[in-house]
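Labels run A, B, C and D following the written order; every chain starts at residue 1.
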Amino acid sequence: MIRGLTKAGLGELKDDKQLIELAAEYGFQSVDLDAKSFIDTYGLDHAKEILSENDVVIGSIGLSVEWRKSDDEFSGSLPNLILEAQAAKELNCSRCCTYILPSTDLKSAHLMSLAVKRLRICAEILNAYDIRLGLEYVGPHHLRDTWKNPFIWTQEETLSLIDAIGLSNVGLLLDSYHWHTTGLSSEDIANLNENQIVHVHINDAANIPVEELKDNERLYTGEGIIDLELFLKSVKKTGYNGPIAQEVLTSKQATQSIEDILKRSKAGFDKVFNNL
Amino acid sequence: MIRGLTKAGLGELKDDKQLIELAAEYGFQSVDLDAKSFIDTYGLDHAKEILSENDVVIGSIGLSVEWRKSDDEFSGSLPNLILEAQAAKELNCSRCCTYILPSTDLKSAHLMSLAVKRLRICAEILNAYDIRLGLEYVGPHHLRDTWKNPFIWTQEETLSLIDAIGLSNVGLLLDSYHWHTTGLSSEDIANLNENQIVHVHINDAANIPVEELKDNERLYTGEGIIDLELFLKSVKKTGYNGPIAQEVLTSKQATQSIEDILKRSKAGFDKVFNNL
Amino acid sequence: MIRGLTKAGLGELKDDKQLIELAAEYGFQSVDLDAKSFIDTYGLDHAKEILSENDVVIGSIGLSVEWRKSDDEFSGSLPNLILEAQAAKELNCSRCCTYILPSTDLKSAHLMSLAVKRLRICAEILNAYDIRLGLEYVGPHHLRDTWKNPFIWTQEETLSLIDAIGLSNVGLLLDSYHWHTTGLSSEDIANLNENQIVHVHINDAANIPVEELKDNERLYTGEGIIDLELFLKSVKKTGYNGPIAQEVLTSKQATQSIEDILKRSKAGFDKVFNNL
Amino acid sequence: MIRGLTKAGLGELKDDKQLIELAAEYGFQSVDLDAKSFIDTYGLDHAKEILSENDVVIGSIGLSVEWRKSDDEFSGSLPNLILEAQAAKELNCSRCCTYILPSTDLKSAHLMSLAVKRLRICAEILNAYDIRLGLEYVGPHHLRDTWKNPFIWTQEETLSLIDAIGLSNVGLLLDSYHWHTTGLSSEDIANLNENQIVHVHINDAANIPVEELKDNERLYTGEGIIDLELFLKSVKKTGYNGPIAQEVLTSKQATQSIEDILKRSKAGFDKVFNNL
């Protein structure tokens, strides 16, 4: 397993190059970013150089496809997917991830059938570029009735969706916050097969009842009460050896410099990776 | 399009042989029955003879698989599916149908992902026997909250499910009662492709507000207020040329003899098939 | 069924606009062309106008994807597919077709597994734009050993490939020349379901042994010995009501003006469409 | 990884019970057998007891489905698959395997499209019982022209077939003899993902040119010249932790007692498992 960063919680970043250089400086080996925009900015050769000089890989790109709305919005967003997948492949990135909101203004069953069909199309396209699709369930309870109808928010329901899609390059994105807020155990992760896990997010939670935790009030790795050592040990048991990427969603403006934030993050990672 | 019967609404039947003989006597060319049980009772050769002597074909078998409950109940019911599909094929029946209840005690989105996966397995198995799978949406409004959570009940939602399953041998079972109770137009049917229709049910509705029609208070063909001529003309426009099978679900015990019921049914069919 | 044109055999065309105007002038209702290039040249609004003013539709676009070579060539050609599918959808074209060469320098079984996977990806993408994929088998005998290993060239083998792909929007492109050169009967077509036919090509063959007919020595519709009336009647029996597009592959430079060629073509169509 | 046995090369066995008891006695932890016939003989409860008392699991069942011949033979053999899968599940066996002959009397490309479709149906059925399907390529050169047309025999081609099937529960059965006879390296295995490997066979080869090795002249584990330590180390690198089952196909009648054969086999396993 390697130490990774997403941009969430890092404050204002100058550009992708800065992210990669700072990631390297603070001991991170992967960053999640938009591979296409990265290549568009620096050119393919320079983009590769920036990564290789810093010994950093791209952990995952995000799925920009609009799979939750109308057929036209969906098909209108597909051309970008191919370009993004091409870019990811050119930079040796083999993951693309999206999240699933726990409620919806559509009828839930209908959205699920649309999701199966559309995510299958996305996964088939990604497969042509040797990229896997990771689906992230979202645990915080307040989101379960933010929209009209309950959708899905458990690992088990997400595995059912993956089964319904039925392709071998689709799996879970595990996030420690969602693991915590859905009350899962170590076994719930350890019993997964390696190929059921596409990507992993890490971050921490405040010491308040699980039901009250907000999605965008996450804490930095190691600064809360989630048993992150146990989380990582459980992930490791599956054989997963990809990135563990910090993602600290927060509604507050960062008051520290990015360097200070990364120093904290490194300290947190040192602590929870310690006994693996 | 050929005239067909299901057993629903016919009263007490002695056996499948009686059904087939009476069907023939009253001008029906297909019956829906359990092909496996029919062969088990008469033997394959005799079963074939009964059909051919009466010039009657089997329109459709029912899907006996339990696809709405636990994984164990589902997989436990699969062995029968194969035997039933084999029997159907031996009698040249190429349709197998199931209905979708409009509400459920499970979480709706979760049931949908289970439905996609399980019905895909069923369809793959049926495909090995050249049998198509027909899915029937169920319109009566009272069933939309009979169980805890709303599921699906419209033609559009059912087409989405069929799309999510993604196999070419899956389509709709159209039923005039559900067409009526979901407020669809002639175009909603006529715009379908032939291959989107696997089977068709016909029956009639009382002259009360659509919202109050109960699923098991259906009327015999031609005795109610559904524009069945329009229904049939719309189906015909798609190119569909299979059975139109009467299915009169009713909670009351039949007070007429089966012969009288079939006489009525024949009269109803004569009326609505008249101007096709 | 509507009368259609491809560009093959028409000689030098000035541009797509000329093709559409002449098609209309000579009684053709569809043309096969590259929708994306057509929109790129005229702009979407003008392109739509040209079609609607001439009462001509686009029958089919061609599949530009390289599905017969390396993984990289395949995935490198996918971005165009999406743009082409988008363009086709904007012009209400719902067909995309490719042909299958009867021999290959690759190992045949290996190419087949690659074909299934890659054409499934193409079909999934096209499906997002409501476009069907038509596969054309190629009958002329000389092509069966033009490359090292025999691949597939019969309707039956092509239906197996379509089955292996397993998606509902994939079917056959029927071509009268391939029907003739593979020795098929009227029933071989008439027994197909409508949804197994995506597109139809028409053209004629010289009065020489079937084994000696070259792929690029085709004759204009009605000028050879193929029983094209029977061909069309058989197609019609399936319920197919799409374009019948003339495709006259020939190695010779056209010596007539395009107007004269279209006059001949119209006469040929008049003859064979006469008794439908 | 656990030590396993198939029946191949063990000589005359009295029954499954004897196999399991002897396996336990000589340090093997899994046996490959027909779960359905095992339960039919002993009853489910006793069958479970025999396994648990001896601390032996069932590694894999064989796929009895006839997927290489006519559609009727295929569909006629499916009912058994379900019963066998049920039996396997009841005994906690999660693997079902079949082999692919390197040549065929059918046209190769056609057989491949049939194989994709039929093995997908099998895999969907097995999936309903949480069973994975393992496909074994067969390396010995003499089989490449035993039948009329070359089919597939390399790992790469088999991975393409698995890709074409497109389901997540299908993978490779690796066999040291086929690894050796197709000239693969350690990396060819080590670069696989764990989920691409369903099952592993082990056995050894005589010190003659690879091209001359016959499929049914295999040697016992550790008695030939295949670098089986390297083979196992490569498998282990993927994360695979299932059975390594000895399969010694040989045309000669065993002259030793089964106990002596198992003593030899144990010695061979001790040798090659030594430094893992």
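Quick notes on this one:
The rule we apply is simple: a residue touches a chain if its C-beta (ideal position, glycine included) is under 8 Å from a C-beta of that chain, and two chains touch if they have at least 3 such contacts.
Note that the structure is predicted; figures quoted are calculated from it, not measured.
The interface with the greater count of contacting C-beta pairs, when B-C is set against B-D, is B-D. The mean-CA centres of chain B and chain D are about 44 angstrom from one another, to the nearest whole unit. Averaged Cα coordinates give chain B a centre that lies 37 Å from the centre of chain C. Counting partners per residue, chain C has 120, 166 as the residues that reach two or more other chains.
The touch graph of the protein chains shown is complete. If you check the complex, the residues on chain D that touch chain A are 166-168, 170, 193-195, 239. Interface residues of chain B, counted against chain A in their complex, comprise 107-114, 116-117, 120, 149-152, 157, 160-161, 163-164, 166. Chain A meets chain C in the complex at residues 74-76, 78-79, 82-83, 86, 89, 118, 120-121, 124-125, 127-129.
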